[in-house]
Structure formats: structure tokens, C-alpha cells
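Pasting in a structure now, in C-alpha cells, and then I'll have a few things to ask.
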Amino acid sequence: MLSLFVSVVRRDLLLAWRRRSDVLTALGFFLLVTSLFPLGVGPEPEQLSHIAAGVMWVAALLATLLSVSRLFESDEADGTLEQMLLSVEPLPVIVLGKVCAYWLLTGLPLVVIAPLIGLQFNLSADETLIVCATLLVGTPSLSLLGAVGASLTLGLRGGGALIALLVLPLYVPVLIFGAGALDAWRAGLGIQSHLALLSAVLLVALAVCPLASATALRIAQD
Amino acid sequence: MLSLFVSVVRRDLLLAWRRRSDVLTALGFFLLVTSLFPLGVGPEPEQLSHIAAGVMWVAALLATLLSVSRLFESDEADGTLEQMLLSVEPLPVIVLGKVCAYWLLTGLPLVVIAPLIGLQFNLSADETLIVCATLLVGTPSLSLLGAVGASLTLGLRGGGALIALLVLPLYVPVLIFGAGALDAWRAGLGIQSHLALLSAVLLVALAVCPLASATALRIAQD
Amino acid sequence: MSDSPLTATRAPSSGFSLFYYASPQTFFPLAGKLLWPTWIIAIALTIAGLYTGFFIAPTDATQGDSYRIIFIHVPAAWMSMVVYLVMAFWCAVGLIFNTRLSFMMSSALAPTGAMWAFIALWTGALWGKPTWGTYWVWDARLTSELILFFLYCGYMALQAAIDDPRRADRAGALIAIVGAINVPIIYFSVKWWNTLHQGASVSLTQSPSMASTMLTGMLLMALAAWAYTIGVALVRVRAIMIERERNTDWVRQLGNAAQAGDSKA
Amino acid sequence: MPEPSAPLLETRALTCVRGRARLFAGLDLTVGEGELLHVAGANGSGKTSLLRILCGLSEPESGEVRWRGQPARSVRDDWRGGMLYLGHRNGVKDDFTPLENLHASAAIAGERIADTVLLEALVDIGLAARLDVPARSLSQGQRRRVALARLLADTRSALWILDEPFTALDVRAVAVLAAAMAAHLRRGGALIYTTHQPVDIEAERRQTLNLDDYAC
Amino acid sequence: MPEPSAPLLETRALTCVRGRARLFAGLDLTVGEGELLHVAGANGSGKTSLLRILCGLSEPESGEVRWRGQPARSVRDDWRGGMLYLGHRNGVKDDFTPLENLHASAAIAGERIADTVLLEALVDIGLAARLDVPARSLSQGQRRRVALARLLADTRSALWILDEPFTALDVRAVAVLAAAMAAHLRRGGALIYTTHQPVDIEAERRQTLNLDDYAC
Amino acid sequence: MKPRQKRFALIAVGVIALAGAATLVLTAFEDNMVFFFTPTQVAAREAPQGRTFRIGGMVEEGSLERGADGTSVKFLVTDTVNKIPVTYTGALPDLFKEGKGVVAQGKLNDGGVFAASEVLAKHDENYMPPEAAHALEQAKKAQGTVVQ
Amino acid sequence: MNWESASHFWAMGGYGFFVWGSYAVTALLVAAELVLVARRMRAARAGAARDVAIERIDADRRGRA
């Protein structure tokens, strides 16, 4: 089962590598939003550092929301999804593999690039670290929750808007804990409780989402 | 020729109507970005009104950038595009019709909803009017320029990132004039010159983009 | 209603195609011959330009020695614009006369042009800090030069993303030609928007507002940049010719020669 | 000025290159009015590529296409107006009903065809029962039929170029289509098509071009 | 517990409804080992719908599918593991080469097949010359061949369910595929397929199910 | 319309649009698009109160005063008609000189003094060795005395 | 001669960082481009040679068959 998981991850990564620049869409989007902001808002250092965590988290959330609807799209269009449903292997593991590859391609790069954006927004090293940590724990949840939305709306008219409608309510808590951590730290409170809550969300998502997503996929293909 | 234009617009609007909720993606995205901001940034009235024009313009720009890559996608996938290329009718007019429908579906709603966002960001009536006016003149240019990018990258690996690379440099001036108008007005300068420049960009885009896009489509199908 | 004999017959593949292949085939050796003279000229001009710039040209009255950035900034800025125009020209020729060599020229120039644009931006920013007091402002000259750099990147990225060389050529040509509008904007931006960047020191209508040794150094370096650009573009276009014409006779002969050379070695 | 005596479509020394491979070279063919050309060949022999060149969707590597005696590129509007191409892809919108699809295609082609004509075509091709469902819930063969209904409604085009028109069609639909093709030929139209299925189409004059013979 | 004497696949009083229309009702069929079942019927008669029910992709309106004598839903893993389905859609990734595509399909199916076996299958089906190009630049028939190469490499599945396997294939490829089908039947496998083309497949025991007879 | 006429009509429309664009750009340039105010505009109260904006002009000859702390400065910006006092704390660009162009960003305080947060130097297109500059200055002075 | 000593030269009147930063990056880019372009040329030639070799092998095989 582990080997199945690994081979699904590898397949999706290879596919992404074949369409290299597509991979960068989420990252590019993140960079874009965070760089256009200073342009549109005006470059006053304190103001920027004040809104930094919010901008970065909103950007990460949007980057996920926008790209996740394509998670199963190409597999559906070319018939691979049918084959997945018909496999003897457990579908949730396949789904988890796909989500994992997806996170490696869209979530992890954001975490890696975040320090740079921190610099641009005038954050101190500690502050940057905090934002990175929350992103590291939070973005996998975003991917997992997004996958459920994507499979529920697969092939539906108006997938894009629907997915946002379905997933956003679940995203907002993540956003609030994630962006709130920095404020809490600045206010002198610790960030442990924020991180603990984010981790709890992640664990629940890990347990529930692959299953839910797999079920939704079976229904969608009926 | 006018009847061709009208029938293309009607066709695309009807199609959009059939996938109703898809239509709202751009609008939903715009609302999302602009509403999440106060959430992430914190609700200080002056600060919000200060960044309002920037946030709205960045959101409009992103909404276009993200959805425009799908402008020709479905027509390409199902073979309608081939038929357009083979039509006796001038391709630029067909393209213009498609862009027009696209703008009606993604640009105009933003302009209409902008006053609401203005309220949320604490703008005065005059200020809201100015933002709406710049959006009204600016978003068609975004759609037109985006169409060229969409047709250049049609069916390419990494379309998403590529389109951003191609189109963004052209969007930046529009963004600067568009978001700058409010600042100019606040600084006591008139907004005529900003609007004049935005209109100039629009006129040039109207003259050049349909042609360029049509050429790019022919190249893409070769 | 029996099948009539096939009307299609195989024509000898000559005529039109001869004209078509003629250019790369004859251009390849010509470019090879031009190469060494170009390199020698480039090196000589660079040495002369740098010597003039650092050892003959005096310190500037207002800027001190920081002005010596001029000897790369201005040649790079000029080349970035000229190369783009030349690219657009070759693309237009390619579209009109359907000659592949001109597209190859255009794609051979792009990386060098992008490099010049980057150097202009980089040196300009480094020059701006001591003189203006900032590395960057969103002024029209600077913004439009940045857009030029992006246009180069877009051209190259688009070509890289398309597998079919013919489609790549044509799609790239579209960007090159439409983007050429940007070049006059860059050039006249200092006139139209009077912001931080200085106006022209050298123009066709006025005598230069620059001490003659400084001007000499700058012009020598500009000529060196020309020679370098031509040299690199020639090498690259030769490489592109081989890559693209792999299945033609003249490249096969080339391969034959290389094989022979290998077996000798 | 089109020459009346010239054949509808000719090619001169056509060469086609896809990727690195040269598919065919020096291809000359002539199709006159009322004539049927069956382009045969193995998978990957270049049938689709040839048809796309003949209708102007792609450019040949070298050689030229002539329309009624003129270089086709110089009489592009005549060429496009006189031709109807149907490729692998159906050009059918999932969200439109069959009738809406036909209307949309006609609009794009710059024609305006009466409802009755289109309805008749749809009925003839056997879609009478599925007129009010969107194309997304049609079966494979039914979708293909929607695309092919355009042929039944067409009386304007002098040349039909059809890439594997019979795929996914059942026996009855194949017969209807073959009859429509024969009628087109009788009207003086010309027809170029590919297929891997043996289908008999009535025609006065017919040619077969086997691209396997031209493989380089 | 699968009963060894039971037929591979049976259906009991299967009824299928799509949208508003009832496609067929009370369909009973039995397919044993080494048996060939050709599902015939006009476009839209419900062939694809039936095949998708037989392989478990969709649920019938009423009735049940049995696998080796058990209700198929209760022995789902056996059912899925013993079956190979190929639909209208190829399941071929545009960005993978043919070999990579086969590897990816095998991985998803939970199998691990040696390179040599897959390569042999690709060569047998006539893709030897196109091994290093991504599927996006294959011709229609070549893509279909990539999907079908899975069949040539398969020795594990007891039942093949193929929806119009012959579309877009040229004569030679059709022959190769028919031979592979015959070999599968000789091995004791069963085969259910649809097609509108008359193709001769060697089989000891064969049935034809004409869905037009079941239309409601 | 025949296809050819259609094409002609399209080209005509395109040309008209481009011409319209050109006129619009020209009218925009007549307005003050530049992002700084002249001292005259500031004196006429055209500049905003309490908001950040940019002011541009020449540094008045002899107006530069350095503060005791060594980093704060005061000077007058002039467009030869009006003068606005500017205060600034921080490093000045090297080209900042009396009699040369300057662009400063900041706010106008109640006393009519412009508190700059950033000072940029604007430089002209003349390059010459110091001796030449000196000679030029001498010449200018000499000319000045003659005129006076 | 403008410079009293080498250290004066390197200091560039206090603008060493800016001036040498410009020249160094330019030199680096030019060097990198020359290397890349040379490698591309070599790869192209090698590819052509390989094509010929493959063709010969092919011809040999066919000749034998």
C-alpha cells in the first residue's frame, strides 16, 4: 500500500515535471499577489509589516482554492479516473497520494518562498519563522480540504464557484488561526495554542478527507 | 459583420448561462479577495480606505489573469475553434465577440459590485465613483490583453504561468494608472489624465488585440 | 464505377524546396568565416574602451567616479533596444517571406538581448543609489525597460514551451513585433514624463553634452557591445541551424565531417 | 478570378513534416467537381495532417494548395467559403442541445439557416428523440451525429473534407451519412474523406490515395 | 466464497435509467470462462451504460450483477481484480510517452509489470517507431493503440470489458487486437465488447446481445 | 459586404481607434501627470494637506543648513518663483547639491514646512571633468557680473 | 593617469561597490553566456554526428539483411 502511495506520488510529480511551468502557477500566483500588493498599496514599511501575515495567508488560501479544482480534472477527462475507481487498490490511498503530490507542488513551495516575501514585507527573522511554521502546518489542511471540494464538484457545471462555496467555510478557521498566530506573538502571547489548533485540524483532515474524497469520486462517476 | 459579432456574443452568453455558477467565478474571486483582506489585515478604517483602490485593482487584475486562460480552451477542446478558423467571416470579429462576452461576464460584474466593496473599505461616495470609473475603463483592456496571452499559450504546457509572464508586463501600466487615479484625486490632482491614459490603452487594445489574438490562434492551430 | 488510376504522382523534390533550404546551407559557412574577425574586433574595442573609460576619461564634476558605470550602462541600454528591434525586423521578414533563417536569427538574438536588458537594469539600479538616492523608482524609463526585459523573457519562454519549431517561430514573432512598440516608448519616455532619469546626452540633433574623452570611451564600449552581440548571435544561430535542420543533407555532411574528425582523433 | 474549367482543389508537390518526421513528400492530387477522394493509410501515415493542410488549418512544409486554379492562399475567402471541414473533434458544445449546436455552428460559419432546415437534418440523422437534451448526456454516436447533421443541412459548400466521419456511428447512421455523401456528389460537390471502415459510397468518379505509398 | 462452477459474470433483471429514459429492463445475461459476448445495438441503445454497470462504475436502477456466483458488490475486490475495463476514453496522459503511460496505468491498477513485457506489447501493437514521443503528438489511432497495449500485456484479468475498442484503428491494428482477444479467450478469459464495425474474432463460444431488443 | 470590404472596414476602425488613442495620450500629457508638485502649486494650496506627496524643483543656492546632529538638514526648494522649506533626516544622495534638481517625498505640516521622508536627486545630462565645470562656473559668474 | 595607486583605483572614489558591482555582474553574465553558447554549439554538432552514426549502423544492418 505504501508502494502504491509512492508510485502515485511519483506519477503525479513526473506529470508535473512534464508540464514544468504549470507547476509554478500556484507559486507564481502567490508571488504575484504578495508583490502586487506593495505596488497597489504603497510602500510604507510599518503598514506592510502589519498586513504581511494576512496577505500571505490570503494569498496561500487563494492559490490553493484556485488550483485545487484541477486536481482530478485531467484524470477525469482522459479516463484515468475510471481506472482508479476500478483498481483493486484502496481508492483513499490513491487520493492521498495525489493530494500529497499536489501539496508538494503547490503548498511546499509557498512555505519555502515565504521568507523572501517576509523580507519584502519588512518582517523580522522571528516573525518570518512564525509565518513559515503556520504555513507549513496549515497548507496541507488546505490541500486536503480542497480535494474533497474538488471531488464533490468534479465535472459539474460551475465547479469553480461551487468549490469555493463548499470549501471556504472550512478554510476560514485555518486562515484565522494561521494569520492570527503572528498577531498573538506580537501581542506577547505564545503561538503554541495556534499551532496546536492548526495541527489538530491537519490530523482530522488527514483522517477524514481522503475517505470523503474517494466516496465523492465514486458518486461523481456514476 | 455586426450580426456576426452579436451572434458570437449571444452564443457565449448563452453558454455561460447554461453553466451559470461558473460565470460567477471571477466575481466570486473578486469578492473573496476583497472580503478576506479586512479579515486578514485587521479592520482599521483609515488603513482600509488607504489600501482600497490597490486591493480592488489587484483583485480585478488577478481575477482576469486567472480566468482568461480558459477563454479559448473549451472551443479548442471540442473543435469549435477549428470551425472558427475556417469561417469566411473575419476571425478578429469573432474574437472580439468572445472577448466582449467574456468582459460582460467577468469585468462588468466587478464594476457593478465595486461600490459595495467601497463601502466595506470605508470609501466616500466620490472615491467609490472614481474606482468604479477606472475599473469600467480599465477592465476591458485587461480582457483584451488577456485574450492575446490566452491565444498565444493555447494548449501549451504550462499555460498558466506563461500567460502571466506574457500579459503581466502589459497589465502593470493599467494597474498603475487605474489604482493611481484615486491617489491623484486625493492628492488634489484631477483624474482626467489617468482616465485619458486608460482610455488610450483601451483604444489601442481594441485596435490591436483582436488582430493579434486571431493571428496567434491561427498559429496555435497549425 | 471502378477506381480510376491514382492521379497523384510523386514529384521530384527540387524546385521550390531548393530555394527554401538555400539560405541556412550557404549562411552556415559564411557565419563561420565571420566569427573570428568579429571576436577580435570585440576584444580590441573592449580593451580600448575600458582603457579610455578608466584611465583617460577624467572624473565627473558632479558625480565623481560613480559615473564610470556609464561605460556599460549606456551600451547595454542601447543594445537592449537595438537587439529587440532587430529581432522584430527578422521576425517580420520571416513572416512575410516565409524564410526560416530569419526566425533562427531572431531566436539567436533573444538571449543576448535579454542579457543586455538585465545589465541595463542592474547597472542602472547600482548607479541610481549613489546619484538619485534610491535603487528603484517606478518612473517611465525604468518601468518600460523592465517591460522590455519581460518581453524578452516572454519570447524565450514561449518558444521553449512550444515543441513544433514552426509554431514556436510564429508565436514568438507575434510578441516580438507587437512588443516593438515598447522601444520608442523607452526612448522617448524621458521626454514625455519628466521624472528622475536624465535626458539624452547624445543625440543626432545636438552636439553631445559630454566631455569628449568620456564620450569616446562610451562609444568604444558601445561598438564593442555591438561586435560581441554579433559574435554570440552568429555562434548561436549556427547551433540553431544544426538543431533544426537535423534531417537535411547539409547537416548530415557536417555530421559526416565530425565523425571523420572523431575517428582521426 | 477563379477559372471555371480548373479543378476544384489541387496540390502541387506537397510536403508535410510533423515534429522530426517527414510524413509525405511531393504529393500531387487533383479533385474535381463531383469527385470522391478516399484518403487511406495506416495509423500515423498522415491522413489527418493532409486534410488539415487541404482545408488551410495548417501550412505545408513546402508545396502549395490550389483552389479552382488559383493559389488557395490568394483566394482565401473563396476557399474557406466553398469548403466544409469536419475533424476528429466534433465541434459540439456539451451545454447546448443539438439544435442550439447547429445554430451556433452556422453563426460561426457566417450562415443563417432556417430552423426547419436544421430540424429536418436532425430528424434525418436520427436524433428526433433527443432534441431537448444537452449534448453532454448524449451517447458517443449521438454526439457524432449532431456534428454530422451539419452536412445534411449544407447545400452551399462545393467541397466536403471529412476526417473519419463514420466513427462511433451505428449501421443505420452510416447508411444515412453515405446517402448524404452520394447526394452531395450528385449535386456536383466534391468529397475528400478518410476512414478505416469499409463503407460503400455511390460516386461517378472516385480515387483512392494511399498515403502509405508516400511514406518517406 | 466464489463458487468454482458458477459463471464468471451474470446479471439478474438489470434495469438501467439514464436521465428520463429507461434504456433497458429485465436484462439477464451470463458470461462464462472462454466466452465472447458482443453487445450490439444502435447509437444510444445503452451499450456504454450497460458496460459501466457490469464493471461497477455505475449502479443499475434495479437488478444485480453477480461475480462468480456471488453478488458482485459483496466480493468487490475479487470483482475489480478480475476485470479489465477500457472505455471510450483512452486513459492516456498527453504528457507521458507510451511506455510511461503503461507504467502509470499498471501502478494505478496495483500491478507491477516488467519493462520488457510492456515494451513487447507496444512493439506488437505497432508503436515501435513512436516510443519516445509524448502521447500528445500521436495520431488518433496511435493513442488508441497505447491504451490497447495494456490488453496485450495483461495475463491476469479473467474478464475484459471493452467499449468500442476498434475505433480509429487501421486494418493491421484491428487484426492484432482481434488476435489478442482470441488468445485471451483461448486462455480461458471472457470478453464483453461493443463495436459498430464487423470484426471477426475467433471464439469457441460466442453470444450476441442486441440491446435494441430490450429498448423500452 | 464582401469579405474584402469587411476587412477594409475593420482596418478603418482600427486606424480611427489608434488616432483616438494618440489624441488621448496627448491631452493626458498636457495635464500634470507627473507625480510631483511644484513649489508654486504648493504655495497656491493645490497640494493636499496631511497626505504624502512629492515636491520637485531646485535646491535654492545657499539655503542648505545642516543640523547639529549631522544627519538632519533643512533647505528651500524653488521653481524660481516660489520657495518651500523642507526638512529631512537621513543620508542625502551624493548628487544632492545646491542649485541642482531634487524630488522629495513627504507631508506638509501645519507650519507650511515640508517634512520629507525621502529625498532623491535629479541629475542632468551634462558630464564634464571638474576643471571644465570650474571654468564654466567662472565664466557664468563673469557673465553674471557683466550683466549686473 | 587618473589614479594615484591601485587602492585608489579599486576604491573608485568611494563608489567601488557600485562601479565594480556593475562591471563584475556584466563580466559574469558575458562569461556565462559564452560558455552556454559554446556548449550549445558542441551539443548540436555532437547530435548531428550521432545521427550520422545511427544512420550508418542502420544502413549496415540493412545491407547485411
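Details
Letters A, B, C, D, E, F and G mark the chains as written, and numbering starts fresh at 1 in each.
As a working rule, a residue touches a chain if its C-beta (ideal position, glycine included) is under 8 Å from a C-beta of that chain, and two chains touch if they have at least 3 such contacts.
Keep in mind the model is a prediction, meaning the values are calculated, not measured.
In terms of the stated touch criterion, the partners common to subunit D and subunit F are B, C, listed by label.
Steps from subunit B to subunit C, taking the shortest chain of touch contacts, total 1. Averaging Cα atoms per chain gives one point for each, and the point farthest from that of subunit C is the centre of E. Set against the Cα centre of subunit G, the chain with the most distant centre is E. Centroid to centroid, with C-alpha atoms defining each point, subunit C and subunit D lie 45 Å apart.
We define each chain's centre as the mean of its Cα atoms; on that basis subunit D and subunit G are separated by 52 Å.
One finds 41 Å separating the Cα centroids of subunit A and subunit C.
Chain geometry summary: the mean Cα position of subunit A and that of subunit B are 26 Å apart. Multi-chain contact residues of subunit B (touching two or more other chains) are listed as 18-19, 88, 157-158, 162, 168, 172, 176, 208, 222. Among the residues of subunit G, none is in touch with two or more other chains.
Along subunit C, residues 58-59, 64, 66, 130, 138, 157, 161, 163-164, 166, 246-247 each make contact with two or more other chains.
Within the complex, the subunit E residues that touch subunit A are 55-59, 77, 80-81, 83, 85, 87-96, 100, 104-105, 107-110, 134.
Residues 29, 33-35, 91-97, 100, 103, 118-134 of subunit F are the ones that touch subunit C when the two sit in their complex. Touching subunit C in their complex are the following residues of subunit B: 148, 152-153, 156-158, 162, 165-166, 168-170, 172-173, 176, 208, 212, 215-216, 219-220, 222. Those residues of subunit C whose C-beta lies close enough to touch subunit F in the complex are 58-64, 66-67, 70, 130-134, 137, 192-196, 198-201, 209-211, 214. Interface residues of subunit B, counted against subunit A in their complex, comprise 18-25, 28-29, 32-33, 36-37, 39-42, 47, 50-51, 53-55, 57-58, 61-62, 65-66, 157-162, 164, 168, 172, 175-176, 179, 183.
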